[in-house]
Amino acid sequence: MLAAGASLALLGTSAARAQPSRDAPRELRRLVAANRILANEGVVDAFGHVSVRDPQNRERFWLSRSRSPALVELDDLMEFTLDGTAVDARGRTPYGERVIHAAVYAARADVQSVVHNHAYEVLPFTITDEPLRPVVHTASVIGAKIPVWDIRTRFGATDMLVRSIEQGRDLAATLADNTCLLIRGHGAVVAGASLERAVLTAIYLQVNANVLLKALPLGSPEPLSAEEIERSSETQFSPLALDRSWEYFCQRAGVDPG
Amino acid sequence: MLAAGASLALLGTSAARAQPSRDAPRELRRLVAANRILANEGVVDAFGHVSVRDPQNRERFWLSRSRSPALVELDDLMEFTLDGTAVDARGRTPYGERVIHAAVYAARADVQSVVHNHAYEVLPFTITDEPLRPVVHTASVIGAKIPVWDIRTRFGATDMLVRSIEQGRDLAATLADNTCLLIRGHGAVVAGASLERAVLTAIYLQVNANVLLKALPLGSPEPLSAEEIERSSETQFSPLALDRSWEYFCQRAGVDPG
Amino acid sequence: MLAAGASLALLGTSAARAQPSRDAPRELRRLVAANRILANEGVVDAFGHVSVRDPQNRERFWLSRSRSPALVELDDLMEFTLDGTAVDARGRTPYGERVIHAAVYAARADVQSVVHNHAYEVLPFTITDEPLRPVVHTASVIGAKIPVWDIRTRFGATDMLVRSIEQGRDLAATLADNTCLLIRGHGAVVAGASLERAVLTAIYLQVNANVLLKALPLGSPEPLSAEEIERSSETQFSPLALDRSWEYFCQRAGVDPG
Amino acid sequence: MLAAGASLALLGTSAARAQPSRDAPRELRRLVAANRILANEGVVDAFGHVSVRDPQNRERFWLSRSRSPALVELDDLMEFTLDGTAVDARGRTPYGERVIHAAVYAARADVQSVVHNHAYEVLPFTITDEPLRPVVHTASVIGAKIPVWDIRTRFGATDMLVRSIEQGRDLAATLADNTCLLIRGHGAVVAGASLERAVLTAIYLQVNANVLLKALPLGSPEPLSAEEIERSSETQFSPLALDRSWEYFCQRAGVDPG
């Protein structure tokens, strides 16, 4: 990976960003780590992706070229505008669904990172009426309300992918100011105030779904209350908890905590 | 593995195929990779097999000798005619169920690769009335209809294996023009327009079964519509998606993408 | 491991067995492999054990000293009489439940190997009325009938372990001429006509339980018919299938197929 | 790790404990092993912790600084008083929930080790009315009664963490003289008469929950009787069983049995 302060020429940055601060490479190194972590935890498989807003230019975000997250390297990272246009593609093919990221960043100034995934434990909640709500404190960060978006509602029969910026905007409107959103028969979107938060939220969205799937046949699982969700979220996103889990998931994935 | 253009003498080809194009070794190297991928993803265990039609001679196909897919090497690959006869056995023992492959290739000119497997998540759908249908977009490739074949219907009490070419033909007739077929109390057959497609379809058949098993206790899972299945299949089999997932599954299995 | 023909002095054999054939070490090397395989497949955890009847002396059997199967080495193997007495303990502590093995060998001349285990997928069938019966052909070898033995019936409240030869004999009487037996709130016993058969049966008992657990919430799983079980068992225990799976499970466990 | 008899200066002991016996380092080395074992078995993930009472000073206990158990090293271990105050923090940040451990040691003279965890199989029993009771003999050690504590009952809406010594004492009062306790929407607490017992109990609490989750859809699982639980617990905690399983779980976690 790129050492802090190394030339950003390696990163495919455009001429407009010729003198970035040292923060940028760290954010990109962490984006590579995030890809590996999400793959290692089974949150993504061959498909799924994670992006981070450019810390220097809030109208841009970074996302891998079309490649499975387990394999993403620094050279795969591409920069995009908030309508999903590649700034400097250099022949690399982007993900078709980069517009999910673009539209969420455009709609939500508070969001610094977006994960899109198809975790197998989460998918059942995209095809049934059973609501996915936080039932354990480590998952309070997924938020009290998780809306479900169905591409069919406004766009009819499609190939199920979010391909146009209009579709992305419609999805972002349904997400509103929530943290997570489910897509019918497809997967989930997680929006975070930082890369680490988005990654952790995506992991514990899967954990919560796992626990809920196991609990539902036993009776009516009791969800956390709105106040518990709010207070517990603050704690789970405190440096004490966030740093501990970032170090842990990096070690499991065999990547440098950055 | 064999380098492109290496002597096919190593591959046990018959005298009639003395000057094959360079395509053949690549297809066989990929067939070895396919065996390892299916084993690594748990689609096959000690049992199950995958074959590929000979790109030079459409009346022939390649399949390992009787060996667990996790262990298959290039020298294990044997060539068969479309009635299941080994072309050049050289003392190697073939799988008893090679006739599944033979009969599907004979019946379906569009099929280039066949997978037969007993994935544990798929098996419940072979012994209950619950239909296995695509509920998530990555699994749209399994197709709208998955028929179930019961060897008992025409052949009475057997050892459950598909052993004769007549049994294979009966199975192929039930498969008809679908992509997947379930065998009661036994497993599945997947037919693909390429080796990569057959492998991916077998993997996502398992993923879809996994998601459906988790979703069924939650209510009535909503399947993809016929049009969504058709459109999404095209997307999932586009080079963008197919190359990405082939690279991913090869890396997980520790094999060269070929 | 011991090379074929190496001195049996290493194996703790009694003076009465001073000139064994070369078969004995092979059987013992395979017994070590069987321990590792069962651990690697999750059939046993910290607890559980596997034994083999002495090929030279049908009134004796071999079983590890009290040690988790994942860790068993050749020097851990001890010889026992058919009432569970160690022939040459050399200070090694035997498993408390060796009488299960002793009693089954005493009652069943056709049995060459016994597995006792607590596989997590099998345990639910020991504490509910749901019968464990073969529903997939690879598991036909578990047999049409699997009786359940409850130590309470004749011995009242105990520590749940089979500790006396009388308890072992009562268990063996319930096993009768079946291949598998369940113990209420405890685990399973598998009896095989060879070490390889017992190991494979224990593995596919777990697979069948896994499939049945997944299928039951979907409706009424259709079991194999009695004739299918009989015919399929013969096939699954043919050298073609047995050698293939032994090689596979050895490779997964990282042990020599012997 | 620290060799037996090495200087305790490395361990951050306070001046008052300048001449400890050789037992202390062994206990601490085993505490590191316990952290790794619980992580390796999935009993803890990024969160959860395990402590041991100081064998020299019963008013003190040892617990890692705030770090995921998979990563804990000897230098991370901190000593605390029974109100949760660090004896010699040396700048290290403790877990917020150290008061769980402090309060249980203060209330229970028989307890030498405490585990707090959020095992995914256990969590469903913290949010439904289904009681978690031992159904298999290896799990008899979890005890006949497992109370559920809800922080809301006395402390209202919180961030769900046990943060004050008062909360810890309330939890310990609900635990009473039982071995395990569940915390609503949060996790479990396990109290053991030794480190090895606490670790084993936490592992088999998870195993028992796993088996019970699988059994419940099949009917009414039959629990062990009170007398069976008592007798089986004694056996499972005998040196024969305890040493065997400690060796096994150490080997799986890649740590020295100590």
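So that you can tell them apart, the chains are marked A, B, C and D in the order they are listed, and the count of residues begins at 1 in each.
What we mean here is this: a contact is a pair of C-beta atoms (placed from the backbone, for glycine too) under 8 Å apart; a residue touches a chain by one contact, two chains touch by 3 or more.
Source: prediction; values computed, not measured.
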Across the interface between the identical copies chain A and chain B, with over half of residue numbers shared counting as same and under half as different, the residues used are different
Among the chains, which one keeps its Cα centre farthest from the Cα centre of chain B?
D
How many angstrom lie between the CA centroids of chain A and chain B, rounded to a whole number?
34
Measure off the straight-line distance from the CA centroid of chain A to the CA centroid of chain C, and report it in whole Å.
48
Touching two or more other chains in chain C are residues 217
Quick one: label the inter-chain contact graph as line, ring, star, complete or other.
ring
Pull out all the chain pairs that touch, please.
A-B, A-D, B-C, C-D
Within the complex, chain D is touched by chain A residues 135-138, 140, 207, 210-211, 214-215, 217-225, 227-228, 231-232, 234-235, 240-241, 244-245, 247-249, 251-252
Where on chain B does chain C make contact in their complex?
45-47, 66-68, 70-71, 93, 96, 118, 120-121, 123-130, 152, 157-161, 184-187, 213, 216-217
